[in-house]
Every structure is written in C-alpha cells, then in structure tokens.
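One structure is given below, encoded as structure tokens.
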Amino acid sequence: MLKSKKITVDFSGFKAINELDFEVNRNTVHFVIGPNGAGKTTLLDVICGNARVSTGKITFNDKHDLTKMSENEIVDQGISRKFQAPSVFHHLTVYENLEIAMKQKKNLFSIIKANNNQEDERKLEDMLELIGLTEEKDNLAGSLAHGQKQWLEIAMVLMQEPDLVLLDEPIAGMSKSERKKTGELITKVAKERAVLIVEHDMDFVKDYADVVTVMHEGQLLFEGSMEDVQKDSRVREVYLGRKVD
Amino acid sequence: MRKKTHYFLLLIVGLVFSMLVACSAADNAANATDPEEDETETETEETTETEETSSEDEDTIKVGILHSLSGTMAISETSVRDSELLAIKEINENGGVLGKQLEPIIEDGASDWPTFAEKAKKLLQQDEVATIFGGWTSASRKAMLPVVEENNGLLWYPVQYEGMEASPNIFYTGAAPNQQIVPAVSWLLENRGTKFFLLGSDYVFPRTANAAIKAQLEAEGGELLAEEYTPLGHTDYNTIIAKIKSEQPEVIFNTLNGDSNVAFFKQLSDAGITSDDITVLSVSVAEEEIKGIGADVIEGHLTSWNYYQTTDTPENEEFVANYKAEYGDDAVTADPIEAGYFGVYLWAKAVEAAGTTDVDAVKEAAKGIEFDAPGGPVKIDGDNQHVYKTVRIGEVRSDGQIDELWNSGEPLKPDPYLEGYDWASELSEALSQ
Amino acid sequence: MQKAIYQSVFNNKVLFTFILLILLLAPLFLSDFRLNLLGKFLAFAILAIGLDLLWGYTGVLSLGHGIFFGLGAYCMAMYLKLEATGGKLPDFMTWSGMQELPLIWLPFQYPIVAIILGILLPAAIAFLLGYLTFRNRINGVYFTILSQALVLVVVTLFIGQQNITGGTSGVTNFETFFGFHVNSSSTQTVIYLITVVVLASVFLGCRKLVKGRLGNVLVGVRDGENRMRFLGYNPSNYKTFVYTLSGGLAGLAGMLFVLQVGIISPTMIGIIPSIEMVLWVALGGRGTLIGPVIGAVFVNAAKTGFSESYPEYWTYFLGALFVIVVVFLPKGLMGLVEMIQERRRKVDVKQSGIKESNIKESSSVEVEKNYS
Amino acid sequence: MTQIILTLFNGLSLGSILLLIALGLAITFGLMNVINMAHGELIMIGAYVTYVMQNLFLNYAPQQYFDLYFILSIPIALLIAAGVGMILEFSLIRFLYRRPLDSLLATWGVGLMLQQLARSIFGAPNVGVQSPSFLNGGLEVGTLLFPYSRLFIIGLSIVCLVSIYYYFYRTSSGRRVRAVMQNRQMAECLGVSTRKVDLITFAIGSGFAGVAGCALTLLGAIGPTIGTNYIIDAFMVVVVGGVGALFGAVAGALGIGFFNTVFEYVTNASLGKVLIFLLIIAFLQWRPSGLVTSRSRSLD
C-alpha cells in the first residue's frame, strides 16, 4: 500500500536516505532495523512529512504522492506516527488526549462544534480499556509513568484509525512485561492495518516481525523474514564489530 | 516542595498586601471612607496626610498640578512642576490668596494622554480644586480640554504651542505662534537668508507650525527648499543631513522634539556643518535641553522664546536665585519653567481681584490682569485668554546659556489663530466657519 | 486533576453570578469618577480575555495588542468626533489643510457601521498578519518580536498621518453618543452597565469555546504544535483563528474604552501599553479565563492607586511585578489559589490513605513545564 | 555619483551601528535563546559609564589627557555592562532558560527598573557627553566628507565582530561555549560546567551592549530611555539574520541599514520605517527563520 521510488533525503550534503525503494504491505508488521545512522528514523520522517525528499516519490494506496502533502494532510490519508520520545500533552487529561487524537474532522469549525456521540464515547472507553488506563482517564497525562505515556501515545495513534501505523522505538524504556504487552498490542493492531516499526531490540523484532527490512547508509540492504535476515552475510558484515543495542 | 510553597505564599502575601496599601492610600487621598481600609498602615497615613484635608476646609485653597512625572515627557515636565511649586510656596509665604494658604495636589500624567484626562477629572471631581496648572504637549492639553470644559474647571497651560485653539476654560501662558514662530521667521529672513529648510518631528506642533511658516515664507519672499519630518525619538540623521547638504539652505527652521535634537545637532556638527555655514533656529530647545545636547555642538545656533535665564530684569534675577536655592545650583530655568511660574501668580492675582475662587468670576477678573514676570511684563488678553509676551531671539553660548540677539521691544498681543496676518487668512477662515 | 479544581472553585456559577451582581450594582455605591475608572478597567478585562486565549491557551504571545485595541478605539472615536462636529471637518483636519472628509472617515458617520468596523477591522488585520506569519511556521519568539515591531510601525504611521488620525493628540472632545450626552453621569452609567454585560458575555462565550474540544486542541497547539500536525491538525489555522478572535475582542475593548475615557491617542496603543496588557494576563494567571479579568482590574487599580500616591515608584513597582510574576509565579494569582487548593487536597488525600505519588508528580511536572 | 557613494556610506554607517547593538543580542538571543529586553538598558549603562568617565576626567585629569576618557570608557563600559549582565544572569535569567517568552517579559521588567534607577541617579533629563577632539571633523575625499565618528563606529564594530569570532571559534573557552549551546547534556557529560558557561556567555553578550552604549554617545542623546530607541531595531537584525549565526547578524544589520537609508532618502523617515517593516515581513515569508539557518531533526 505504501511505495517509495528512489527517494533521497539530503541534510545539507549528507544523504540520510539514498535512492531508496521501499514497500509496505497491508496487514503486516514490518520492522526496519539497521545500525545507527542508517536512515531509519529519517524514513519515518519522510513518510509522515516531517522531512522532505530532495528527489523521488512516495505513493500511498497507489494514488497520493505524500511528498507533496503537509503533515496533517498525510494524517488525513490514514498514516499516523508515534515518535521516539513520548510526546503526549501533559496539560490535558488522558481522556482529552485520546479525544483530540480521535478520528474526526479536524478542521477548525468542526472542532468548535465537536461533541461526542455514543459511538465516540464507546471507542474512547474501549481504547482506555485496551491500554489499561481507565482508572487514570481524568488524570493529567503529565502525571503518568513513562510506560503509561508510551501506551497512551500508541493509543493516540490508534484512535486515528489509520491504515498505516508508524512506530519509532515503541518499547524503549519499557520493562519486560510491558514489552510483552506492547508486542501483543501491535500484533492485534496489525490485523486491520499495516504497522511499520523502527526498533533496535532484536528479540522484540524476532518475536513479532512479519517482514524485516535492514537499512544501511540510507539504502536498503536486505529484506525478508527474521530468519533470513539472521542468515544473511551482508547484514552480519554491517553489524560486525558493532554493538546491537 | 513544601518549603518552596511557603516561600511563594509569603511573597504573594507581601505583594497583595503592598497592593492593598497602595490602593487604600489612593482611596484615602480621594477622601473615600471605606470601613475595610481603616486599618491601613501608619506609613501611608503619613504620606497622604497633606492630601487628607477635606474640601470644606476653610483655611486652604486646593490647586491641582498635573504634569508627567514618569514616562518620556517627565524630562521636561518635572521642572515646570518645580517652578509652579516654587510660586505656590512664595505666595503662601506672603500670606496666601484671599488669606488662605494654597494647597497643591500633585498628580502624574505619566506621559499618557488618557491619563491626563483621567487625572484632570479626578482633580476637578474628587478633589474639587480651584484650578489646575499642568500639561506640556498639545496632546495632553487636548486630552484635558473636554474635561475642564465639561466640569467648568480652569487649566493654566504653560508651553508654547501651535495655536488654533482658545478654550473658555484654559489660560495659555506659553507663546502663541505669533509670539515665537512668526517673528522668528521674519527676523531670519531679514538677517540670515531666505532659503529655508524645515525640519521637524512628525507630530502636530511641527506640522501645524510649518504650515504657517510656509504661508509666511511665500508672503514675505522666502524660499522653501524642503520640508522633512522624522518620527519622534528618531536617532539617525545621516540621511536628513545628506538632504540638507544637497539642498544647501541658509536657514534650518528646527521644530524637532526631545532626544532627536541631541542626535541632530551632534551629527550635524560631525558632518562639518557649523553655525557659520547654516543657521539653525530651534523653537523647542531651551537651556535645559542644551545641557543634554552639549553646548559645544549647538554653540552659535539660534533659539526663539519669550524668556532666557539670562534675560535682564530684576524679577528674573530674583527668580533664578530662588529657583537655584530651591532646586540646586545646577538647575537652569527656561521659558516653560518661567511660564508655569508666572501662571500661578496670574491666577492668584485674578482670584484676589475676583474675591472668590469661583471659575466664572476668576475668568472675568483675569481679563487684562498684568504681572511683572521674570521675562518682562505679561498681560492676559481678555479675548482669547492667552498672554501678551515679549519675543526674544537668542544665540547659544559656549557655556550653554543663551544670549539675546533681538527682542520685540514690547509685549506682543497673542494671536492664536493668526488673524492679524493676511497670508494666514485661508487658515483662519477655515477655522472660523 | 487541576481542571477539576478549577471547575469546583472558579467556574462556580454561584461565584460568577455573585461577581456579576456586584458589578451591576456598583453604580449604586461608587462615585461617578470611581465608576468610570472601574468601567475602564472592565473594558481592559475584555481585551485581557482575548489576549489570554491567544497566549494562555494557544501559546502565542502578542506584544502588539495595543494596535487592535487602538483600531477599535479609533473607529468609535471617529464616529463620536463626526457626531460632535455635526458633519463638519474635525479641527485637526482643517489645520492640516484638508478640504473635505477623507474617504476612510466616511463610513464612520453611521454609528452601527462604526461599531461593526470597530470589531471587524482589527480582526481582519489580525487575520492577515496571523495568516502570513503562522502559515510560514514563523517561530513563536519571532512572532512576538514582529508583533512588537508592528506596534512601532503602526504608531509611527498614526502619528505621521496627522491629517487623518489627529497625530499625537489623537481624537478627543466628543459630545454625543446616539444622541445622548456622552459625558453626562447617566450616559456614563449606562455605558458602564453595557461594559459589564459585554464582559460577562465575552467571558461566557470564551468559556464555552475553551471548555469544548477547541480548548483542548488549543492547549495541544500550545504544548506541541508539531505533534498536533501529526494528529492531523493544521495548527496555523487554529492560531490564526484565535489571533483574529482576540484582535476583535481587543477592538471591542477599545470602543468601550473610548466611550468612557473620551480620548484615544497613539500613546495608548504603543509598546509600553501593549506590554502592560500582557502583564494583566500574566499576573492574573494565563490559561484561566477569570485570571486575566482579575489581573486587568488589579494591575490598573494598583496603577491608579500608586500613581496617585507615589508616582515616582510606579515604574519600579511595575518592573518588579513583571519579574516576580514571571519568575516565581508563572501561573499568576490563579496559580496561587490553585496551590493553596492543592495543599488542602494533599492533606485530605493523606488522611484517606490513597497514595499521593500521582499528585506530587503532577505538581512537579507543572512547575517544570511551562507555556513558553 | 557622490549621492550614491554617500548613500552607500550612510547605509554602511547605520548598518555598523545596528551591528554593534545587535552583536550582544546575537549572542544572548542567538546562542542562548534568551530574549533579553534589558539589552537596551545595558546599552544605557555603557552610555552612562562614558558620561561618568568624562566627568571624572574633567574633574581629576589634566586637560591635555581629556580625550583619553573615551578610549578608556570602552573597556570599562564593557566590564561594567558585563558585570551587570552577570548579576542579571545569576539572579534571574538562569531560572528562565527554555522559557524564552518568559525571559522576554521578566527582562522587560528589569529594563524598566534599570531605567528608573538611572533616572534616580542621573536625573530624568539627558546628559551631555563631549566627543573627544580626535573624532571631530571628518575625512574629506573630493567633495565628500566622512565624519570620523562614523568611521570610528564602523571600525569599532569590525573590531568587536572579529574579537567575538576569534573568541568563539579560535579559543578553547569559546569552543566550550559552543559545545554547551549545541548539546547541553553532552557537554555536561564531557565535564564542561554549563552554569559557568552560561554565566560567561551572557556576560559577554551584555558587555558588548556596553560597548555599543559607549559608541552611541558619539551620535545621540544620553538619557534613561536611550535603550528603548534601539532595542527593537536590534531584535529585527537578529530575526532577519537568523538566530545563532554571527554572519547572519552582519548581513541582517547591513541589509537593514542599507535599505533603511535608501527608503528614507527616497521617501521620508516615517515612511521609511514602515517600508522596512513590510520588507522584513516579506523577507520572512521567503526565509521564515532568517538568512542563516541550521536544520535540525528534533521535534520541537
């Protein structure tokens, strides 16, 4: 559903991504791994509009060119992203955080008139249930523990009911049990949509990946299942002598 | 965390308290009797003591003094307040007015015109003062005008201004245009040259003054080379000076205001133009401003006023001595300071003549009242409530004082609408409609 | 949690009704002069609410609200002046050699048009400026500095165009308003009451706005503008909207100001008044609606009080107030009240034995995080 | 032809004044992201230092050494303004890092108090400073006259620029400053005392305001409100130049100086101001973050 054609991202001379061809399919959990500086986060940035390509094209559902759209238009197309550092709104309650994230018309006048119907209420309650924050729903998001913030943010991404979810290191800073819970959440989510995840934790990748892409120096090095990746010699070479954290 | 909160709380309580004190002090000043504020600190009681006496008090007459004591105009206006207070003190020492002591109530106009209106209202309505001495800028006068007319109060305004006004409730003790600008232009045409360059700050006085000057130049054979305005507070005169150089005027008629004068004269002198090359005549630069400009760069240039510290009258000798005794040896006197000073005396004489402080009676009695002011004899013109004054053109000396080059010989009748000049007929006709 | 506290204390309907009642009854126990002052402060409060929507809720600091205030005020003043001169040229125009009424004065012969323009004109200019700056994602700090430069430019322009605006003297000396004598005590009382009613409606209207989802979205824009983009919002639209709204409110405040004070001049719209407006909001408490109202009345009452008794020290005091409020009390007086509330809560919580960590954490986050 | 040269020179001269007053800001605002509205009052301090030095020399030094007062004033103004800046940083600014808008408001309050303090000490009226005799007159080239005071200011701004450049890019202490400003945590890990660096950097920025104040006594009024006349122009320079870039500040100052002179010459001073502002707005449509920008990937 998402295709990139020969995209290049240039940070004042440094090519973070170099003529990358890349594809994400429906209903898959797609991991992107690679050493630091391989261009993983930049790839997510380009897809969601946070960075601009200098050449190339990214199409979504075969029709829209994302490189020409602003961030919020890309979200409208059904792509939403979770950033590396949790960035929930500390001065809003958990419930309000979800409420503004919810799929709805997000232009000014609809927001002024906005009022939850029963359907919306149900969705919000369900989501709270899913991430286990029902009790905290009227607390300020700033008061949550780190792991809870991560979930809240994942929940905010899901509230947008996107077709493609972009996650940047979703389990960073989580305990083992929290990781497991997150992994299960991801699997569940991927039943209806595609999930593209940048992750360093190889065990996590092994447990939940459908497809793994290995990036290196802004280019696609290898793509396949986790087992294939582990067998591939080039991948080893890239990682050799480097710590995989 | 807990400790911090305590600290905050303490701070705020202190803050709120000081506010309350301030507010209640204000209320005290305004004779408000609010039971809640009876436990005000003794300190505030003391400071407002002088203002606490009620308006029914038999022994004193309240007069308001309303100048900017803060903000940009404070520079000029505080010294006028000082001279008015000096006059009040002298009058009180000589037995007061109608046997009563004058009690000044001082308010701050804060260089903000709506504040002038507000404070004038306060003085007239709350304090019920017999008259107000105050204002400097035309804007502050215009702001007070509806208030004094509405409340039938009195205002004595001490500064030269652009004319075109004669409110029944204002006495104008500064120069009207025909007592400063018109004679200066005639004198310059006769003595210094006919090619004029008009330079002013971009506001009411310079623009109106220059409109009149242009008409006068045309009538009296002068040549207008250019007319330039700079925003108030402008600091870079390079470009203006470049224009001056290319126009090569003989005379620059300068209506710049405030700080801009300093920048202009310094940069003019840097550009190698001295008073020998081009004469600059200023109408807003007096002794006080020269201190800030530096006498070295303005030496030899001219000014036009009704009074200088050097003006040779016995009254002035005494005035300057008293002023210095009161406010220090460094203090200098200047035209508006003198106008503020004799304004108080004119009012006092009018009240004595009327036998009451009633505004209408005082106005009636004031017609034709004369006084020997430091700058020479002055007389109130009954027609327009301006003052007959002597015009004096002076040259700045190296010590910052001004030497008189020429004077009009006798006090000139004020003519705020320039009705006595043919060339200004169009201007005054438009107004008399 | 804090929201809940606000709701219990400050959005209390009883309290609101009580304050409104006192304000409505003020003419009975205040002298004309004091009532006039209070009316002026309340007009300022309207502006403060608008400014707070922009700064407290949306995180955009404008140091140029004097302009919008001034535009509204000038619109009203032009009408009043034309009514006072009875259709003749205002005096300052004749001196400046104008032969007939300039085109831009013509619409202001009609009071209704003047009132509508008094709101629309500032709003339109705010919209234009907001659109141009926010669209380009000009950094918040840049916007603030630009807004200040704008003040300088507009004041210069107003002073320079003496034949149209009256220059430094501004526009003053009015007589009637809808045929009523504008300075008479009864007219002033009516205008005061109108001000109170307008303030109350503005307050309620804005409260409805910020209590709804819009309020949350604005806070989102304030705290994480980019994050909002990735939730599918276009923050510049929201910023422009709030800027426009607050510009309109400032214009409204300006009109009420002129009616009560009887003069508008460029000093009232300059840099210093514009920054003082920000202080009203900061002192009262940004991000609350009642805070700016309290702040506006409080600061101006203090200013009047102080400058009546100690004019020389007002500047020191004003400066110190700025420093203290910004550094130690970023949430203003409302934050103080909140702090007291919270302390009381803490005690309650301890007693009932529920773990305290949440609240503690939330308050520490509050202190660290800020609105800049 | 002479007109063109003169306009160019005037533009350069105005630009150099703007640069001199904006240099300090480029450091405090550009590097530290502190909006110091009291910058104007630091300029005022520099100006009053010159005034005090002049009086000291008038009263205590032999007549023939009088001109030296001005030369001596420059380093002393630098030190005193830097000292005031340090006090300011220590007592106030350090609470406000990462809160740029709050720093703006708080320092505005400080500025007000400093102004009133100057009024209390030196009185409300302007004070006069006599230019040193070696700066009187000007350099004559054909029919053109370039005032020495203007040339001096151009020279002074170049000296200041070079020394700032040298400090930040050629000394180890300057490198530390840049390291802290670029990555605070990392620098801290490497053992750089960020508190000390903040303090020093702010002091340097303030010190150059003092130097600017000293130079301004050659041109205009010295009074409590001297700073307010310049502060907004100075901020405009930094905004146009781009935050955090010395080169940007230079380009911004010269650009604004030049266009301002041209506009003023062609129209008049009031309109020139308006045109400059419109030009800046238009410019920011094209380069929203100023002339020189650095791209970063972080999300706010």
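Letters A, B, C and D mark the chains as written, and numbering starts fresh at 1 in each.
The definition used in the following text is that a residue touches a chain if its C-beta (ideal position, glycine included) is under 8 Å from a C-beta of that chain, and two chains touch if they have at least 3 such contacts.
For clarity, every value in this text was computed on a predicted model and none was experimentally measured.
K.L.:
With chain centres set to the mean of the C-alpha atoms, which chain is at the far end from subunit A?
P.N.:
Most distant chain from subunit A: B.
K.L.:
Pick out whichever of the two, B-C or A-C, is joined by more C-beta pairs in contact.
P.N.:
When the contacts at A-C and B-C are counted, B-C has more.
K.L.:
Mind checking the centre-to-centre distance between subunit A and subunit C? Centres are C-alpha means, answer in whole Å.
P.N.:
Measuring from centre to centre gives 42 Å for this pair.
K.L.:
Averaging over Cα atoms per chain, report the distance between subunit C and subunit D in Å.
P.N.:
Here subunit C and subunit D have centroids separated by 33 Å.
K.L.:
Can you compute the centre-to-centre distance for subunit A and subunit B, using the mean CA position of each chain? Integer Å is fine.
P.N.:
71
K.L.:
Would you mind listing the residues of subunit A that make contact with two or more other chains?
P.N.:
50, 83, 87
K.L.:
What are the residue numbers in subunit D that touch two or more other chains?
P.N.:
In subunit D, residues 228, 270, 273, 299 touch at least two other chains, as defined above.
K.L.:
Would you please write down the residue numbers of subunit B that are in contact with two or more other chains?
P.N.:
202, 229, 231
K.L.:
Subunit C touches which residues of subunit B in the complex?
P.N.:
1, 5, 8-9, 11-12, 15, 19, 22-27, 29-30, 32, 44, 47-48, 69-71, 106-108, 110-115, 117-118, 121-122, 125-126, 137-139, 142-143, 145-147, 150, 162, 164, 202-204, 207-208, 211, 229, 231-232, 427, 430-431, 433
K.L.:
Quick check: in the complex, which residue numbers of subunit D touch subunit B?
P.N.:
Answer in residue numbers: 3, 6-7, 10, 13-14, 17, 119, 124-131, 135-138, 145, 147-150, 218-223, 225-226, 228-230, 261, 264-265, 268-270, 273.
K.L.:
Considering only the defined contacts, which subunit A positions touch subunit C in the complex?
P.N.:
By the definition above, subunit A touches subunit C via 48-50, 70-72, 75-76, 80-81, 83, 87, 89-93, 96, 99-101, 106-108, 111-112, 114-115, 138-140, 142-143, 156, 160.
K.L.:
Any idea which subunit B residues touch subunit D in the complex?
P.N.:
72, 74-75, 78, 202, 228-231, 233-236, 238-240, 242-243, 246, 258-263, 266-267, 269-272, 288-289, 291-296
K.L.:
Where on subunit C does subunit D make contact in their complex?
P.N.:
61, 132-133, 136-142, 144-146, 148-150, 152-153, 156-157, 159-160, 224-227, 271, 275, 278-279, 282, 312, 315-316, 318-323, 326-327, 330, 370-372
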